[in-house]
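Chain naming follows the written order as A, B, C, D, E and F, and within any one chain the residues start at number 1.
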């Protein structure tokens, strides 16, 4: 996000320069030949233009990478984890978001999240509705060196994947219509306000705002806590899958899930490093933190599983990688590579215990562990960001200490408060929405539909026909 | 394409500047110290260099993305739609193009498409044959800020995917040798002239040319109409698959097709936004239009199917997304985001009706709907480009109105003419080639080969051995 | 690598300029108004900043692409080639490296490869251990326009994939613990020294070093020869798979392998073109050479197979593409597009003969042909680099002839010597490691484990559960 | 000896297996099959092409048991596999001429 | 009761099923099998490794019918599944000792 | 005629097939099945969820032979498929009422 990068001011400075060119130019003209002044002006513009090319190219690629996370990434990761008869229904939960959220975003979603004035603490306004005023000129409030359109579409990709993450909780037993309605309302009621509060102009939790300053580089609270907590609520509201605990509900293809996880890893570079909103050293720093966090978590989950269960599994390795990616997300632009290794290692072990041990104790059926990985991993990451954030990496507060390691223990509390708000919004919002949608359209499939599988009952098709 | 971007002139201007540095430098030297002049010169060069880095990086990524569209993208999309016994044969139709077209392009293909002088209305010449004169220096005729090599390889990726698209029509029943020969001739006889006419120097349909000015930002006529129409001709010439209408010919894996479609969507950003040939705001604009078009079309097809057939399917959603991507292709650099939504929505409904209803009425066997999606979607997109193109987005004609929405109704006619020529060239060219190839090498598999499947009969291998 | 690009000096020059700004500025101040000087200075900085944005964006994308080569790329390519019961175990060999190598690299691996002084001929030192001194400032020794962090993580991706390549040789019969230990030691004992010798500061085979000057643009010796030769040693040490020669050991899914190969092709652009370490014309040149080499080799293998075996196969086409990509790797930044076509064509035929004919004569069980493709293809490529390198493409030696085609026959000998050293290090290092690991942890699975398959015996899970 | 062949609903397999284990029947062989009977199938539509699918997934259990255990097994199986809805499946009984254990050439009832 | 087991070419399955439906035979169970007989297989080559594949995909139809319908079914089946080429398959007939409908304990001919 | 049904270890299929070919038995039909017997299964764990898998992959060979060849085939098969360990599988023998070659209506032993 723009103000999460200290270098930004110097850059938008370059642009402001042009505005003052006339006056400055006049003064200089007395001693410098006009053709030189003109060349200088052109060179200044050329440099700014080139800066945009470099940053914009990178941000467009990042946008594409984040879309790739939703599909094929998440669609495969989740699709492989369900039983064969639900593979398309599950992939649909991700793929549909690419259509549904995009349309909502274009009409008013972007505006509610990122519109508004310095006073819009909780939600934006409709100033950008129908893409009004969203053009090729940069929006200095967010990113001074890239077209506003790029910023808008990059943010859109986040809004696409967030509800898709929830779908892991209600996999294999939700009605298509209910799901579609739920996702629509959830985006509007939970995601848009949360995104605004943390990243929007005037948002209460803005890292440099006037409210409680929380650090969330790439979406720990906005994306992972909200979706993970909402997932838990969904899992409990919908109840267990038929046959849960007695019938075998093994992943129908860990191969597909592995491909999905690997694509998530690759795409996550766009998610985290892209959150620098430019191709500067901060992007590199976030890139490295992301990779280190994922790697350490994959190894940590693998070893934890090896010790506790007895064998290290492929599913463990990829689950660990995803848990690490989740946890490093809010921290990625604030922590050193070594801290990233540590955050990853902690997340790998904690999420493993959560998914393999704690969940069993409570007994809710979070089918694909959306809560265990995103809810827990996201909360952990948000808090650890408060611990490990350092001005060495991101001097956001102009020389003031950033996190606990810098001596600013209070930041941990800020992170906890912001996380708690995300939990609260996620729980309350989701409960209300579930209740309403259940009345209007129904949420849970009938027994017959569930036995037949979502692919046939909801979509009238099958994932595989291998007999041919 | 270069002249589809109004900003381009200002940029090549920067480069021309250097050429006039000597004279300008001499004049200025009289009052400015030479070390300052030198620094200015260096700064100018540095800015131009940086511009190239930004644009070139983006264009290399775009080239990679367009290659990814062919394989794994299209290979999976088409491969999943056929029966298991033809999966490798079908993926081969895409993968082979990556080898075959590349070699032809290197030897003379690029030159025939993009070589030539201002007088080359219909086809280029051999000036770039064997990559002669294609180096790291930009080719100002096409893209002033990126190496000529980058432009050449980016265009190559388009030439790779276009014939591969046709293969959807003759899937499951074409001989390998016949296919290879057909593709070779089709590239030379249909693609290279069409690409030249629309994008090549002096081409008759150049957007700013002296012939009929047609707008085709990223390949509606050149790529989708030519391939889609040729597909129809192939489907009719080859006849139906054995057992068509009686035997079940369901996609052997909608899962694979979904992965393929998602990769097509991601790769298409390189296809459309890359067609700005730089990383400017125009690229962002095309990126957004592409995404909006795809999203709206996916939703539109899904809803149309839901109403007409009774259930919304995964195959419907991905087919819709691809139809939207096709239709938005020629328009992507000319239309607003809201127009893109509309183009997508129209394309989703029209292509659905075409594929699910109209095709059945005519009864030709366009196995994977290459015509229904690319032919119809491409034509629709070409015409709608004439409707929705606006100077707000792309002031290509220096203040003059662009499309119907700008008040230039005549543009619609230009678009129709260019489309008609693409149809004509596609039909006639393909017919002649089919006739010739059928004589020389044979096109249709024998009954035994078709029953056994292409994988075994043509390639002596099988796609899956799951018994092991 | 940085000094493989002649343009680099001029660029770091720009940066050096700033350091001398004070003095130069003072002199100029006498005749030029200070506000102009300030603007000039800012413009210079802005241009350098923009250069970094362009180059860094491209290099971050390249890093992501190279990671994508390991997984899903190689994981799928290899995973598809084994029997179903080993698919996860095989994918694990690739995926684990993303975790394991990353952690080693962060702790001390990077430092041993790229740390050190001008005197470090064989191995680096610990100056960069724990990422000490690896920050956002560029490291002028390697890449003057991108953050040191970017260079570090880009190189990491190479270190991740190289051991993963070896795993093709011991597929379907190696213990997980033995494999993990082997990979760890191999990275330290073979890869890190080899990388240092060829690319590290002071390295003996540096292209511009004081030792034997070998050209290896993107890793022919460092990556492919070392891994390919080590693969051969592993295959011979471990012995054949149970039932080799009698039981059918067909690829369980050429479909997956095709997807993997296509992703390798796409990712390889990051591998080769990224090795320019910036987004200049040299990157474009390497990009084109890579693509041409892959295409020509795919066609060459296909035709060779067609003539010798009787049918052109999908597996042949993708094997050829990979062989071409391997062979063009060391040459990619030194040769013309036409030479790339030739190198690819030669590699396609030679590797085909190696894998389909010569291997059978010797009878070792290099299960997935890691030696046949990477060892042979890499050696061939290294030598052909000496033949085809030309100053037209890369004027590395400031006007002096580069390869045989430039009249510098001696280069071929240099390439052979460097290759021989890589062979030697690979053979000896691998033998020692295998011997040690076999004693400590055991390498070969028991008969029962092998019959059951790695997925169940090592990881306690299965790749597919299609019955559900 | 009799061979009992039961075609049942796939999601009843675990119940059936447990029930059989409960009465000491361990040896069995299971095949995935598709069945056609009174149970209505479903319709699949791909791009407007409609397919009536009337072959539904079933699981076939085969077990060879001593004559004396026949009725007990049938009772156990029907109880475990019954849902009461059309499509529950059938049990067929065949005479077995002989049985051989490959491991040690045991024959007849001893081989079961 | 008789059990008729027919091993036929996979692409003849739809024809066979329709023909049987035509004479009122609805209940059947289908298995994907691979067969070996006089029909020649094919060769697959992967990176120069040649595999002679002599197990070809077939489909096995099993249906239990009342004794009276046996010949009619055989005639219908052979007619529908025949192509006249080697590999068309076989029909085997077995005696069935009993049949039970799981849903409601119907037994014998009534269970079919 | 007798139908011999052998359930064997999958990796013994090639050996068995070769051995049978050796004594002139060509016609056979093969099905992938899963078996349950004395052989212990394995445990799979997915994110902490443990599944005891007691159905192991087996291959079922079915061949119909003239009565005279029965014992010879059994001997050949047991020899080829035996590893001596639990899980080697079983052979069951059934009486066949009739056999028909679909291609040309050959019946009985002539149809084999």
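What we mean here is this: a residue touches a chain if its C-beta (ideal position, glycine included) is under 8 Å from a C-beta of that chain, and two chains touch if they have at least 3 such contacts.
It should be emphasised that the depicted structure is a prediction, and the values quoted were computed from it without experimental measurement.
Enquirer: Please state whether C-F or B-D has more C-beta contact pairs across its interface.
Expert: Spelling it out, more C-beta pairs touch across B-D than across the other pair.
Enquirer: Same or different for chain D and chain E, where same means more than half of the interface numbers show up on both copies?
Expert: Copies use mostly different positions to touch.
Enquirer: Please compute the C-alpha centroid of chain A, do the same for chain E, then give the distance between them in whole Å.
Expert: Taking the average C-alpha coordinate of chain A and of chain E, the gap between them is 54 Å.
Enquirer: How many angstrom between the C-alpha centroids of chain C and chain A?
Expert: 31
Enquirer: Round to the nearest whole Å and give the separation of the Cα centres of chain B and chain E.
Expert: 49
Enquirer: What are the residues of chain D that contact at least two other chains?
Expert: 31-32, 44-46, 94-95
Enquirer: Where does chain C touch two or more other chains at once, residue-wise?
Expert: 31-32, 40, 43, 46-47, 50-51, 53-55, 57-58, 61, 248-251, 254, 309-311, 313, 315, 460-462, 464, 466-467
Enquirer: Show which residues of chain E lie in contact with chain B when the two form their complex.
Expert: 11, 14, 42-46
Enquirer: Taking the touch rule as given, give the residues of chain C at its contact with chain B in the complex, in rising order.
Expert: Against chain B, chain C makes touches at 11, 14, 17, 24, 27-28, 30-32, 37, 40, 43-44, 46-48, 50-51, 53-55, 57-58, 61, 65, 83-85, 145, 248-255, 258-259, 262-263, 265-266, 269-270, 273, 278-285, 287-288, 291-292, 294-296, 298-299, 302, 309-315, 317-318, 320-321, 336-338, 341, 464, 466.
Enquirer: Quick check on the complex: what are the chain E residues that touch chain F?
Expert: Residue list for chain E touching chain F: 2, 6-8, 31-38, 54-55, 58, 60, 74, 77-78, 81-95.
Enquirer: Once bound in the complex, which stretches of chain C touch chain F?
Expert: On the chain C side, the touching residues are 243, 246-248, 451-452, 456, 460-462.
Enquirer: Which stretch or stretches of chain E touch chain C in the complex?
Expert: The contact residues of chain E facing chain C are 44-49, 51.
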